[in-house]
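Okay, got some structures for you below.
What follows is a pair of complexes built around chain A, which joins chain B in one and chain C in the other.
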Partner chain A sequence: MSVLPAALQPTRDAFLTRTTPAARLVAGVVWLVASVVTLDPIVPVRLAVAAIVVLWLWSGLPMRRIPGRLAPLGFAVLSLTVFSILLSSANGDRTLSTVAQIGPARITGPAISAGIAVGLRVVVIALTTLLVFGPSDPTRMADSLVQQWHVPDRFAYGTLAAVRVAPFMAGDWATIGAARRLRGLAPRGPVARVREAGGRLLVMLVSSIRRAERLALAMDARGFDSGLRRTHFREVRTGWRDWLTIAAAIAVAAVALFVPR
Partner chain B sequence: MKALETTKPAAELLRWRTVDIVVVALLAVAFGVVFWAWGTYVWAWGSFLGPQTESLLTGVWLLPAVVCPMIVRRPGAALFGELVAAIISALLGSYWGLDTLLSGLLQGAGAEVVFLITMYRAWNPVVAVLAAAGAGIGEAIHDLIVNYPGLDDAGRAAIGAAEIVSAIVIVGIGGWLLVRALRRTGALQTFPSGG
Partner chain C sequence: MTEAPAGRPSGAAAAPPSIEATGLGWTYAGRRRPAIEGLTFRLEAGRVLLVLGPSGSGKSTLARALAGLVPHVQPGSWQGSLRVGELEVADTPARLLGERIGLVFQDPDSQLVMTRVDDEVAFGLENRAWSRTEMTARVPLALAQVGLSGFEHRSTVTLSGGEKQRLAIADILAARPGLLVLDEPTANLDPPGMYSVFEQLAVLAKRREHTIVLIEHRLEAALPLADDVLLMDDGGHQLAFAPAGAVGREAVELLDRSGAWVPRAWTGAGTSRAVERATARAVERAKARAVERATAPASQPAARGGRPADPSALLVEATGVRLEYPADTSGKRLALDAVSVAVHSGERIALVGPNGAGKSSLLFAIAGLLRPAAGTVRLRALPRNGEAVEPLRDPSRLRSSEIAARIGLVFQDPELGFVAGTARDEVNASARAAGGRTGTGSGGPDDLGADGALARFGLGHLAAEVPFALSQGEQRRLSLAALALRPPAVLLLDEPTFGLDRRGTEAVLALLDEGRTAGQAQILATHDPRLLPACDRVVALDRGRVVFDGSPAAFLAAPPFEPAEPWRDGVAPGPASTPRTAVP
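So, the complex of A and B:
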């Protein structure tokens, strides 16, 4: 899938690569909640710094690829911040002093600080997402959810099977495009291009559904839906690293939220 | 084949077969890729428009909540589809990542409630539009709390309304048309929606 970013995988053994995905998910949600419950910008700043330190020291992910990975984020953060400031309800509060006046728009101090908090919130979410999903692959994630959280195994491994065949979709897309060109269906102009993409998408979905049906048949032929109790090939156990990760995430969130400036 | 399907007892129609799981998962994976691309290429640049107008683009993120259940007609398909799509976009590196799980849960639940009210029996365009609106409400609740907390009431109301309108048009009407187009190709014959 050439348009998609290459999977970000850990390049070395690190603390977080030895934790279970379920534990990282809990730790990540703690930070997510901590960054969302307040409009004080100091909280997301502290969490973002903590996330970068963890990413650097304990994630095992190649730091050189992180900036490229997060590049699309910059624009979204900027616009979310600017619009949050411009449209803030605090700007209508006459008891607050005006910090800046842009045409009819009046900007107040609390509006600026809340806007920056909302923008940084997205930065924290993006960094935390890397920490949760970066250090292991989808297979570990499925193993972990089934064994630690008792997610129904048919759903977890059925999804994993779908993830495995997903890359074929890119090949389908190219083949369908070639077939359409062969039939003389070359789009000209933007409207035709959108229509063409729609047609290709439909054919691609049809071929995906067909492939999923064959896959399900093959899985059932091997007793996937037998209803028998399964044992696990790769055992996942909650270890001390998991508890330490969750405890540390809670501690950092508490510091970020409650320690005064 | 189809006569057999329709004469099955209701309980049998509520149980997920392997093919239901894999097809919903694969569709969700495809939508997860769309989520990531939409967030990276369209949403980021749409920011110029300001949050109220940009919210008209949000419907795309709700497609699995209606398309997946409309195809397999199993309870939980809205939630399952939205959650898998959210996880996939997080794995691909969508910067909303973890937060998508939260919003996916709310969006899926919003649509699921509507399908539950029909007892998973009515699958017409009206139900599709209502489920889309339900998903849109779930999304608006999430976004107003997480992304637009400081805005004035008029701004927040406009964003909420834009998200629900977007859901109804893109997901309710668009999603229903997509399922109909898929059905016409004959690809859904294994499912109750195929006939």
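So, the complex of A and C:
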């Protein structure tokens, strides 16, 4: 029984679905670096806006499903922002004026702006990840890394196989919890809960290793890693779209970083 | 990167090889007992061999040896000789064997590597260094051979079980091996999926382009394909090797005694012995009930067919249950739609239906693990002597310790439920949680209870073993033993006989009988029609709805599915399976 949401996949051909994953990876790293080198919130704001525009126009991903997919992140963003504001060192600086006073906590303007910057970074990271991995399936990523960057087959396709079985681990985790509840062994209290999570993890590990062994045997039976140099069914070649993507990513990052408000 | 030179000239199929085993034996590293020993037979090129034997007879080991995984990938010691065509397996590099031999495994989800169908078929060809033009030509042909034309761009996760397994066969066929080895390829499949695989295998077998070795528990569908059969016992020894139509009576008896499933055609019986016995027991019970009814006051349960008049016998009441899949999967379909089921004390229900029909969802809803979007599920514990009948309660609101007395669930993969380091502690953990006999947890006399339970389930000698190290059948019995000291009122079992041979199935059924006699209600979600005659009632689900609720005989006479035949495979339809004619 499937309890997991379906993977987010492109629903139409678009500019980014025709770029190679390696190129998108480079472009994505440019944006990630740009979003973390400064505490000025304007940079992640600009990048987030750019990412949404690209997502909308050129990713081929169904926009309707993206908010739902990113919703779990909302809580993380909110709590990160709030705590960064509350715990900012700028709040202790007596030369800054107080913006708000919550009980004993004094909050200053720079603390708010730094906190927002932290939260927005997470948003940029999430959107960028979507742009890098969303437009093609994981197999293309592995093909691209092997053919363009000459990453070893064992590593690339081994990782790919791991990605493919990851959803089963989520299923196992849920099943283990259910089994324990029905046996009357659900933990009560925080200490028991932590200890129980350790036990669950162990069982999941055992079953994952079993599954990995079976998969490895099946891959061996089909001649993987037999010493022959593998050929490639799907050719991945760097094209003008890749260069354009990387150049555009650099240009946008430069604008976000250096154009004054 | 440019194209690498091809490993083999394009389009050249390996010729079907003969197989010759002479005193073949294999012992896995770290084991004392050989997995297989002294196998000696010769299978002519292009024939289909069906391998029969109980669990632990080394059938899978033989499959691995034919593919060269044993001895080239797994460690252990080899005896004798195994020749595939002109190649001696032990002396031939795995790569060379891999070009001529294809191996299909049991579990489709742990043999597919890629996420798209055409990539998946090409994976083995890439490994064998085929050129891109060869692959582009070959992939659609291999898919066509298993009836998956047009599936090239589908994601492998969207395929049904039968489609996945046919894809796994296409993966192997793509490389054009001469020998095809299939290790229980339909064990994980629902009846229609199983039939679709056998249909494709029948086509392949008729073409005689491959030598085929097939290992299967689903004998009624597999036997018609076989030219020859190899019978093995539980020690990995050969009982017989013969043409499928000429197996001696003595060999059949030995096979039966070893605990394996035996094809109906060989025993002459209408159903297998396990089912016969279970049916006989059902008849006894029915008679006993009839006597009880005749002598009891009018308020006692009156009707058969699962609707006794006594309301206190009602243990589970599901009314209009509607269950939705999480957002953004499979469109707007419901996992369960207006499902109503009543389960009474002492009743055994078979829950059947194709994959995705909602069987697991219903089990989970009854257990309170999934909360219905509409409708209600309520259940209660069995009244203990002298106690009043408790009111029906919502299982999702019960505390973990309360639910343990009311519901037990044995998962298809029992090891996911294990919590302890030894089999004995596994039983104690459950008993302790349910406030059973081992309340102190101090060992000593407590362990007598646990050891007693283990002994009753045939696990006495394994009390100190790590649960994860047990075999599949032992694990299933252990998860039943864990429930024995404080049996739940309702026992839910997901594919309880999955991967079990006839002896294992009988053992599980015998244990279930004990619980049922004590008033336990049991619901078995199963793909195996052989279990149906051992149940009191069949509930069939299709796309989230109940499409049948009645007696096993009525179900087998007219399964509510199209085509109907797969749903009674292995069980004779008609009078032979109705309890009335069976004699203990």
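Couple of notes before you dig in:
Heads up, the rule we're going with is that the second predicted complex is superposed on the first by the 205 of 261 C-alpha atoms of A that agree within 3 Å, B and C clash if a C-alpha of one lies under 4 Å from a C-alpha of the other, contacts with A are read in each partner's own complex, and residues count from 1 in each chain.
Criterion: contacts are C-beta pairs under 8 Å (C-beta built on N, C-alpha and C of every residue); 3 or more make two chains touch, one makes a residue touch a chain.
What you see is a predicted model, and the numbers here were worked out from it, not measured in a lab.
In the superposition on chain A, A:175 makes contact with chain C only, while chain B stays out of contact range.
Touch criterion met: A:139 reaches chain C, while chain B stays clear of it. In the superposition on chain A, contact of A:226 is made with chain C only, not with chain B.
After overlaying the two complexes on the shared chain, residue contacts for A:165 are found with chain B and with chain C alike. In the superposed model, A:72 lies in contact with chain B only, and not with chain C.
Residue contacts after overlaying the shared chain place A:125 against chain B, while chain C stays out of touching range. By the touch criterion stated above, A:97 is placed in contact with neither chain B nor chain C. Contacts of A:185 after superposition: chain C is touched, whereas chain B is not reached. Shared interface residues of chain A, touching chain B in one complex and chain C in the other, are 1, 3-5, 7, 138, 161, 165, 206, 211, 215, 217, 219-220, 224-225.
Interface residues of chain A, counted against chain C in their complex, comprise 1-7, 9, 65, 68, 137-139, 147, 157, 160-161, 164-165, 167-168, 172, 175-176, 178-186, 188, 199, 203, 206-207, 211, 214-215, 217-235. In the complex of the two chains, the chain A residues touching chain B come out as 1, 3-5, 7-8, 28-29, 32, 36, 39, 69-70, 72-73, 75-76, 78-80, 83-84, 87-92, 111, 114-115, 118, 121-122, 125-126, 128-130, 132-133, 138, 141, 154-155, 158-159, 161-163, 165-166, 169, 202, 204-206, 208-213, 215-217, 219-220, 224-225. Note for the complex: chain C touches chain A at residues 1, 3-4, 6-7, 67, 69, 73, 94-95, 98-99, 102-103, 105, 107, 109-116, 118-119, 122-132, 135-136, 139, 155, 157, 171-172, 175, 325-330, 335, 360-361, 364, 367, 369, 400-401, 403-405, 407-409, 411, 413, 415-419, 429-430, 433-434, 468, 482.
Of all residues in chain B, only 16-19, 21-23, 25-30, 33, 36-37, 39-41, 43-45, 47-48, 50-51, 80, 84, 87-88, 90-99, 102, 145-153, 155, 178, 181-182, 185, 187-188, 190 touch chain A in the complex they form.
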